[in-house]
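Data first, discussion second: the structure below is written as structure tokens.
Just so it is clear, A, B and C label the chains in written order, and each chain counts residues from 1 on its own.
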Amino acid sequence: MRYQATLTVNGIPYPVEVEATASLLRVVRDVIGLTGSKEGCDDSECGACMMLLDGRPVNSCSYLALQADGREITTVEGLAPGDGLAPLQQALLEAGGVQCGYCTPGMLISATALLSSNPRPSEDEVRVALAGNLCRCTGYTNIVSAVLRASEGHPAGTPG
Amino acid sequence: MATVEEPRAAEALFIRPDGKEKVTGLGRYTADLNLTGQAHAKLRYADHAHARITRVDVSKARALPGVLAVLTHEDVPDVKYGGMVQDRRLFAKDKVLWEGDVIAGVAALTAELAEQAVSLIDVEYERLEPVVDFAAAEGAPLVHEDWESDSGDDTMGRDGNRIGYSTIVKGDADAAMAEADVVVKGRYTTDCSQGVPIEPRAVIAEWHGDRVTVWSSTQVPYAARAGVATVLEIPESSVRIVVPLLGGGFGAKCDFHFEGHVAALARAARRPVKLVFSRREEFVAVDHRREGMVIELETGAKADGTIVAHRGRLVLDKGAYCGEGGFFAQMAAMHACGPYRMENIFVEASLNYSNTQPSSSIRAPTAPQTCWALEQQIDELAHALGLDPVELRRRTLIEEGAEGPTRQVFEKLGMKETLERAVEMIGYGRELPEDEAIGVACGWWPCFGAPSGAYVQLHSDGTGTIITGAQENGTGAVMAFPILVAEQLGMSPGDFSLLYQDTDAAPWDMGSCGSQTTFNSGRAAIAAAVEVREQLLDAAAAKLEVDREDVELVDGEARVKGAPETSVTIVDLVGEGGPFHGKGSGDVPEAPECDAEGCVGRLGMESFLAPQLITQAAHVKVDRETGVVRVLKVAAAHDSGVIVNPMGANGQVTGGVVMGIGQALTEGTQIDAEGRQRNPYLLDYKLTTAADAPEIEIAWVETPTANAGPKGSKGIGEPPCVATSGAIANAIRNVIGTPVRQLPMTPERVWTATREGNQ
Amino acid sequence: MSTFVQATTVAEAVGAMSGGARPVAGGTDLVVGARQGKAPLPESIVAIDRLDPLRGIELSGGRLRLGALVTHAEIVAHPGVLEGFTALADASAIVGSHATRVHGTIGGNVMNASPAMETGGPLLCFDASATLESVAGSRQLAVAELLAGPGETTARADELLTAIEVPALPGAGSCYARLEYRRQMEIAVVGATAVIVLDGGLVTDARIAITALAPTIRRVAEAEEALRGTDGGRAAAEAAAEAAAAASAPISDVRASADYRRAMAAVIARRAIEAAVARARGENVPVPASPALHGAV
């Protein structure tokens, strides 16, 4: 059965009609057309599909779209203010934390969630927080240093 | 098209041209594209790893409403294809040879309908005994019954289930072994493993009359183009391959894969057709994995460490089809010798068919496993000689003037310097807790000379575009081309945009494989820029009324040397018209001379062009009771020649080391007796996470290298994962006192070795 | 074609379930399970994630009440759980990834009934009970009786797990430890729980459970017996751990062989016991215990 729902993604309400079993990822990508969130495994093991749901990171491949009705959804497309880049995005670019970029949207979501709840994480806290986001390119080194650079009180300052 | 951002800081800050679209989520990967009216494809795979097909009935699938096309071998040309041996068809015809063999393809209005249609295809089989034990494939039932009629490279030494056989022969290893003071033997086995790019592959095909455009997540668009042309029997000029952003490859997206299936389906469906793989398909259906191996080594040395004799017998699992991996036997044989001075050598390597997933290039194919075995062998030899393993390496590693396995005489290279830098960074020899230790491993990897081509054109506002056939797989190699081109023209990297990954736009290129992009494609981009430079100098000389030899290009201007006030801006020069576009290829470096007369199965790997040299040292902690190993730090010292883009180069090392850690400890594909993968999903095929990745310290030994790439650079991308598992293995051995001779060195295997070593 | 109801009251939820609907909260196990082909997504789904009565952690009158929607992250952050039910915090702290822990619920974890689930051992050792509601009413059932086999519970299909109640065990030190190949994104290859009460330096109460070593997580009476009356020292811990290993019935699978699992049962059980004893003595063993016991940096 298809159901009406309103998914609020990056502050914009989208009225959608979706199957009961449709995942949040499918609806955001295929119905709403925001393809920044990626499908890498479809079973919550890689984190490429991560979005914020009411501020908390969720593997959207394993979450029913209808359950997100009325909640605040943030995807990677919603992280940048206006035309600019969020400090985390800028830090990721400057630190060389982007290679193929496929894990990047999920990484940014996880890191955003971390810094909002823990603005001054230790390196190990960053590593644990990002463990649900697999990256095959970078070895994580430059991603972790980017998150630390974007954190409060870091010597490098908040870039951007 | 992408443009380079201006550097934000005074120091050489490199922001990749494709970075902004990647961090904002606006960049498009293949699966993100949708074409109007597109249908969705699903493939029907074999139900057995080895079986004769007795009947295929697609009538129910074709009758399902919403199904637009169902194709089997009957619906496409009867063409066999493959890299060095043409042993495969688009759709299986008489037999299926592995669980990922494709029997049929379906295009339907939705992916769900296509899936349903696939399940409605009736296939009947006569099950055959699968050849799973590749080491015993000789004498087993033939995987390819008609192998003799398959066309292929005659130098491979094909014989039944053995698709390749190569030897490295130097001197008289038997006689020398008898004279050695110390002889050590070791037998090592490795599981096959996987590339696991985070982006599962996707392909979309759309026909325009007799021409087809294919958007594909491939590392090698030109090979994909040739593949489509071959299997559909159409001209290459009728095929255009476009690669949107590519979500990693690691070799797994090399070679021609599924572009032919999707193009055929799109032609039959008369619509664009899109295929997107699930993670399971990315494990099971992809004809690319790292090969399993059995490696037997015997090494004899004099008391001073001189390696007088080295014998090796290697068997490699080719899996069901050749693909591009036909050269693996010789490559493995070279790695079984390694970057050591060895006086006498006999190494033989067999590459065997089996009824499992095909092995093909995964990041430095054959090297990490062979290096892992050889480096443990070198440590065992050191222990037997009573020498420190690092000291033995100091005495035996290659250096300028040394002879390689086939008497290639090396020019200046930094092998020993990488050893010294790595042991210094890791703090070799210091006191550690009893459950921690350091291990060291050395390795090497060749550069591959190949043709490439590029165009550079300047625009009226003084900016320019680089058009290249090179493929960016994420490493940033193509992203660094503006640095190379701008340098030739006295311009800024930010002045250039890139047009790439479109086979209609640029000349042929080998693709992102063999660590060759900077080495070959970069050379082509520079050559094209040099043509433009000549044009600018001519125009400037005319404009300034001076000799062109007196003009230089600096900071966006053409200036008279020594009189910089006499100048004209490049914007002004270009604005006045005239041809400001260049094309270039550059000269392809040739393989070094060697003496390989006594070797068989010579496929071009018998000497190593501009070898990249590696020492890695790993500091590990072993939980002896459980066998769980944590890697605390890796020090990586590499000679990749002159480094063009330090941030990009470092990113290759950190990424390669962490991939190497996974291959060392947790990444192994398990195969059951029926030839099926037991762990084709990420919970039980375990990549290293951010929480498990260690500190990685990097040193570049920038040896200016003869016959190298741009600015004296060599390749970079593959070596970082070559020595990691060997270094970890030696560190584990130094804790538990006994080698772990199975890869990956899982907790259970480390625990077993610990117990057996203690008995 | 599946149907979907967003329940706003417990009555509405159990009503839907009486009509055959399956509940979904965080969604993780249900949706992933369907994708992996374990079980197709149900014909009828009732979302229970907005049922406020199923939320919240309460600790009063010597009982810990966990609403079925309590997440692993909430469990780990609760001072009362950390203090009195430390093993449960150990377990929730190492479930999956950060995203799993902020959305995955204790109710979903229990009803998924995996023999490898992290929270099962602690719940068994603390004699937790489950509250099941249906249109017919409500009943309490020991978690030990609820878990019936891999992926199976004794709950009827129309019963909704609404809460887990855990009686406090004053003075107890407890620990859940697992064998893990990676620090995160893991599932127990072998797990063990120990709950220890000391009085005058002697063990007066000991509860031991083993995880991923049998079709269900189970308590091991022989191991508990081996600890009672001892000082909880190394010898006693080893004897109990050996008993735990002897009671295991491990399988060989893609993660480990039965032999290795059995050997690890003794190691991991001993570590859990030692950590629980240390905590019972008031010593600090960080939560989660597993990484520290595994030689993490």
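In this text, a contact is a pair of C-beta atoms (placed from the backbone, for glycine too) under 8 Å apart; a residue touches a chain by one contact, two chains touch by 3 or more.
Bear in mind that the values here come from a model prediction, so they are computed numbers and not experimental data.
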item: Contact-richer chain pair (by C-beta pairs counted) among B-C and A-B; value: A-B
item: Centroid-based (C-alpha) most distant chain relative to chain B; value: C
item: Centroid distance [mean C-alpha coordinates] between chain B and chain A, Å; value: 29
item: CA centroid of chain B to CA centroid of chain C, Å; value: 43
item: Touching two or more other chains - residues of chain B; value: 681, 683, 689, 691-692
item: Multi-partner residues of chain C (each touching 2 or more other chains); value: 36, 182-185, 297
item: Shared interface positions of chain A, touching two or more other chains; value: 42-43, 45, 124, 128, 131-133
item: Touch list for chain A against partner chain B, complex; value: 29, 34-43, 45-46, 48, 75-77, 79-80, 85, 89, 92-94, 96, 98-105, 108, 124, 126-128, 130-144
item: Residues on chain B engaged by chain C in the complex (per definition of touch); value: 435, 621-623, 625-626, 628, 630, 632, 665-666, 670, 678-679, 681, 683-684, 686, 688-689, 691-692, 746-748, 751-752
item: In the complex with chain A, residue positions of chain B that touch it; value: 5, 8, 13-16, 18-20, 22-29, 31-32, 196-200, 245-250, 276, 278-279, 473-476, 647-648, 650-651, 653-659, 681-683, 687, 689-693, 696
item: Chain A partner contacts - residues on chain C that touch it in the complex; value: 1-4, 6, 24, 26-28, 31-32, 34-36, 41, 45, 47, 49, 96-100, 102-103, 182-185, 297
item: Touching residues on chain C, where the partner in the complex is chain B; value: 36, 179-185, 187, 254-257, 260, 263-264, 267-268, 294-297
